[in-house]
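Naming follows writing order (A, B, C and D), and every chain is counted from residue 1.
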Amino acid sequence: MNRLQTELPGLSMKNPVMPASGCFGFGQEFAKLYDLNKLGAICVKAVTLDERAGNPTPRVAETPGGMLNAIGLQNPGLSHVLENELPWLEKYDIPVVVNIAGYEPTDYTEVAREISRAKNVSAIELNISCPNVKEGGIAFGTHAATAADLTEKVKAVSNVPVYVKLSPNVTDIVPIAKAVESAGADGLSMINTLLGMRIDLKTGKPVLANKTGGLSGAAIKPVAIRMIYEVSQQVDIPIIGMGGIFEVDDILEFMMAGASAVAVGTANFIDPFACPNLIEGLEKRMDELGIDKLSSITGRSSLLCRQTL
Amino acid sequence: MKDEYLKIKEQKQLAPNIFQVKLQGKSIREMTAPGQFVHVKIQPGIDPSLRRPLSIADVEAEKEELTLIYRTEGRGTKLLAGKVPGEEIKVFGPLGKGFPTDAVKSGDTCLLVGGGVGIPPLYYLGRQLAEKGAEIITILGFRKAEDIFLEEEFQQLGKVIITTEDGSKGVKGYVTDAINQLASSYDTYYTCGPNPMLRAVEETAKGPGFVSMEERMGCGIGACLACVCQLKDPGSTSGRKYRKICSDGPVFPAGEVLI
Amino acid sequence: MNRLQTELPGLSMKNPVMPASGCFGFGQEFAKLYDLNKLGAICVKAVTLDERAGNPTPRVAETPGGMLNAIGLQNPGLSHVLENELPWLEKYDIPVVVNIAGYEPTDYTEVAREISRAKNVSAIELNISCPNVKEGGIAFGTHAATAADLTEKVKAVSNVPVYVKLSPNVTDIVPIAKAVESAGADGLSMINTLLGMRIDLKTGKPVLANKTGGLSGAAIKPVAIRMIYEVSQQVDIPIIGMGGIFEVDDILEFMMAGASAVAVGTANFIDPFACPNLIEGLEKRMDELGIDKLSSITGRSSLLCRQTL
Amino acid sequence: MKDEYLKIKEQKQLAPNIFQVKLQGKSIREMTAPGQFVHVKIQPGIDPSLRRPLSIADVEAEKEELTLIYRTEGRGTKLLAGKVPGEEIKVFGPLGKGFPTDAVKSGDTCLLVGGGVGIPPLYYLGRQLAEKGAEIITILGFRKAEDIFLEEEFQQLGKVIITTEDGSKGVKGYVTDAINQLASSYDTYYTCGPNPMLRAVEETAKGPGFVSMEERMGCGIGACLACVCQLKDPGSTSGRKYRKICSDGPVFPAGEVLI
């Protein structure tokens, strides 16, 4: 028995760890460091219909316990990804999740239709939460009805399960999660980055050329845990949890909060071997804590809290 | 590319706010190309949260010894300067593409132009070029006399011209003033320093040259797209309109990218 | 000339630094450590009409670069504060800001009416953003109309200026800020804590007895800076900025983003002398950066960005 | 109450996961009351973000030396255990109200009951009580023999009874089993340890006693209300229905607060 086995719609993973979208490119760089087959799955950078140049630099800034990024969804566009990036990944025996983004619903559906028919794509992550582009992105993720509408449209054309990536920059994430569930989402990814800013005291201007950026890293972990805890009790679809995972304990904390699998973003920059290191450390820690099968702890926290009521 | 704990052998101050640290470890044997850099995890934990890119200033392969020279700017470099011999820091590298030296032949003249903390990588480069039998002219730009570092080391490799903005030593003005005053010609130039300097050098210097760039980084290996720069002539190449400074660079042929 | 002089409605401060509500009690504890007259002002713990017992313990948890708290507005109630806490503060020559909270609008107005007539109260901070109580608190702070309505009622009965303390747990903070401005607010305080959670792996349950808590500390600074930047460009009333101020540079960053004064919360726990230390360090840093008068840098960032458009 | 950088004089391991650190600095002269604690800033910066409360285990006023004994639990205490002599850490204290000893007269018998890392503060207390001429009986509870620490030190002060849960040394069982088996009587008891132990001791032990409590803290000085506990009989006192462990405690008369 593989104690780390994780089964999600479209994703049969030998462990619950995948890199988070945008933090791992299309895998080629990290493949120089270690065998990508070690991963539970891979989630690639956001893909849009046409190539995008992204935002001017500086695109990243350090913050206490975290970082801001405003890459702006730079990517080579759908056809380049279909022709070059995805085929390269075929040599690996891991599920591939493709994060997709767009300006308008038709962008999304076109990308979803094509991508979901690619040979080795196991699932789509519908990015309605990118805070770094003016149109599209987060605009779809902050209103339940808009999010649901887009989900429905994308589901209608997709041949693979669709995970909707939710934005934490909302007053109440639960109705949005419920709405996309009703609209047919197969799962949720949460959380994307919190909108933040830093100012350079010497210039008096924002550090990022885009002024604001998305806050990621350890700093946002408590917000992610809270939102996953809230949402997991109100929806029946599985959650891929992310936001500040750096240590093995973080993975367990996300799962106890309600996640069924996790994604590691910023940590890849601080420890380029973060994913394999975390995967390797999981079983030892499970032994210490007396956890037999990893999948058994998902949502344990809310179950325990309900028992004691 | 390894991520290894390196042991601090020596830490010393070279000039106001300029420190030199010598590190030891196996992965240093791979650090053969000058112009490459390493990504330094200043200390375990999340403070500071990102790694710091620092250029390889020198390598002694047999001793497995790496030299970094850095200016204390913010929290990370200040913490680094507080580390003492015996302590270990995690260093990921070598990263990026260094200065190409294959085309350089014995007897060629190479011009090295550095400003501030752009100077360190030129030293390792200069040593390799000198070994190839090239003649080295070095122009080093500083704000004022007391900021000068590595002058003697470069003198061992060839002729050195110092420029200071306030004229307190050497040529008064900028490195480009020194380039303009150069009596001799050169076959290739190599430059590293702040962007305004790089732009000026690219305009002033002649012949084939190579510039080393800086940008804020996330991953340091080409995966996050934090550090891109634009091609001057996007039409000319393989389709990509940009370059990643961390992995396609930090060194580019002069004229290839927008500075 | 006092280069640190800060003038806000009701608050004539010799420097821009005050402790944040809830992190400084009613001043008596810190008065044992240093002379409170060093402060620009003091902001005391939330006061409610009746005494409140607060939440069960544990009430705090550590997070990366920050902390969670779920004190739950424990306080001795209006009359005790009027009779004991405020008179004790009379010996100090600094403006006193009283943070007020309630279950219902009438609670708020009753407290506001009485408190604003106390001898040494310079301003009210209207807390519509406490994430740690079931009723009242944050419920008033997440909808523009509700927030405006409460602001208007409190303004109507208050003898001193009213600063409305906004919640960052909202999709868009700007309309809320504008609404309370229209309703007569004299200023804004921002930000209160972000809603977060931590789970204890050994017990499988949330670390906090209240499950969720408010995230404060350095971790949230980029979110605070971004919100202050956004809001300061859309309202004309001054902002008291807070959220992760630990260093002198942070104060300047908040002011450049758009704050006119700042409050220091969590830092008081990590360095009990944080406030006087920060105040003492301000002028030296202003010299280094060539800042003559501190008040001149408020909103400098957005001014500079507009110039370059 | 000072917040001072104290210099590490000694760091040593006493038992599995149990460390003893000796610190030196002026403010230690103020640390005269056993049962008080200090708030330790493990290292500069935001990682870890909060201070750690640790009890004063011993003080040598003339040498300005403070002893802390701690178990490595999480990130903070693990980092602390890695600090070596010569390093400095910021320590804020003394904080809270310690064990009252005024009523103890020469010849009185005092019972000290400690479990795990509740033991350290009882040592400084025991030393002061012994100086007053009191007779000391100490009951120390551990999980197993190898966990035992400070046994010899307490033996210097009087009689020591060890209990271990697995019976690998001393009385098998809990400290309350040892209390029940006590031949002699005592005038006052003092106890510190995990809450279940404190509750059991309060039920089992006789006569006036004092318990030292633990709770997660923010400020450590009574300003944030993180660390409150409830009075057993809220009606009996000044109006406040709660106590702050950091400033009203950590030591309370047995029976005063809900454990």
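Things worth noting here:
Here is the rule we go by: contacts are C-beta pairs under 8 Å (C-beta built on N, C-alpha and C of every residue); 3 or more make two chains touch, one makes a residue touch a chain.
None of the values given here were measured: they were computed from a predicted structure.
When the partners of subunit C are compared with those of subunit D, the chains appearing in both lists are A, B.
Per-pair tallies of C-beta contacts place A-C first. With respect to subunit B, maximal separation of chain centres occurs for D (centres as means of Cα atoms).
A straight line joining the Cα centres of subunit A and subunit D is 46 Å long.
The centroid of the Cα atoms in subunit B and the matching centroid in subunit D are 55 Å apart.
Our note on geometry: subunit A versus subunit C, Cα centroid distance of 33 Å, whole angstroms.
Each of the following residues of subunit C touches two or more other chains: 63-66, 217-219, 246.
Shown for subunit B are the residues in touch with two or more other chains, namely 46-47.
In terms of which chains touch, the assembly is arranged so that all chains touch all other chains. Here subunit C touches subunit B in the complex through residues 64-65, going by the rule given at the top.
The touching residues of subunit B, counted against subunit C in their complex, run 46-47. Interface residues of subunit A, counted against subunit C in their complex, comprise 63-66, 68, 142, 169-172, 194-199, 201-206, 211-212, 215, 217-223, 225-226, 229, 244, 246, 249, 252-253, 256-257, 289, 297, 300-301, 304-305, 308. Taken together, the subunit D residues at the contact with subunit C in this complex read 1, 3, 41, 46-51, 92, 215-229, 239-242, 247. Those residues of subunit A whose C-beta lies close enough to touch subunit B in the complex are 22-25, 29-30, 32-33, 45, 51, 53-54, 57-67, 69, 71, 74, 76, 80, 217-219, 246, 266, 268-273.
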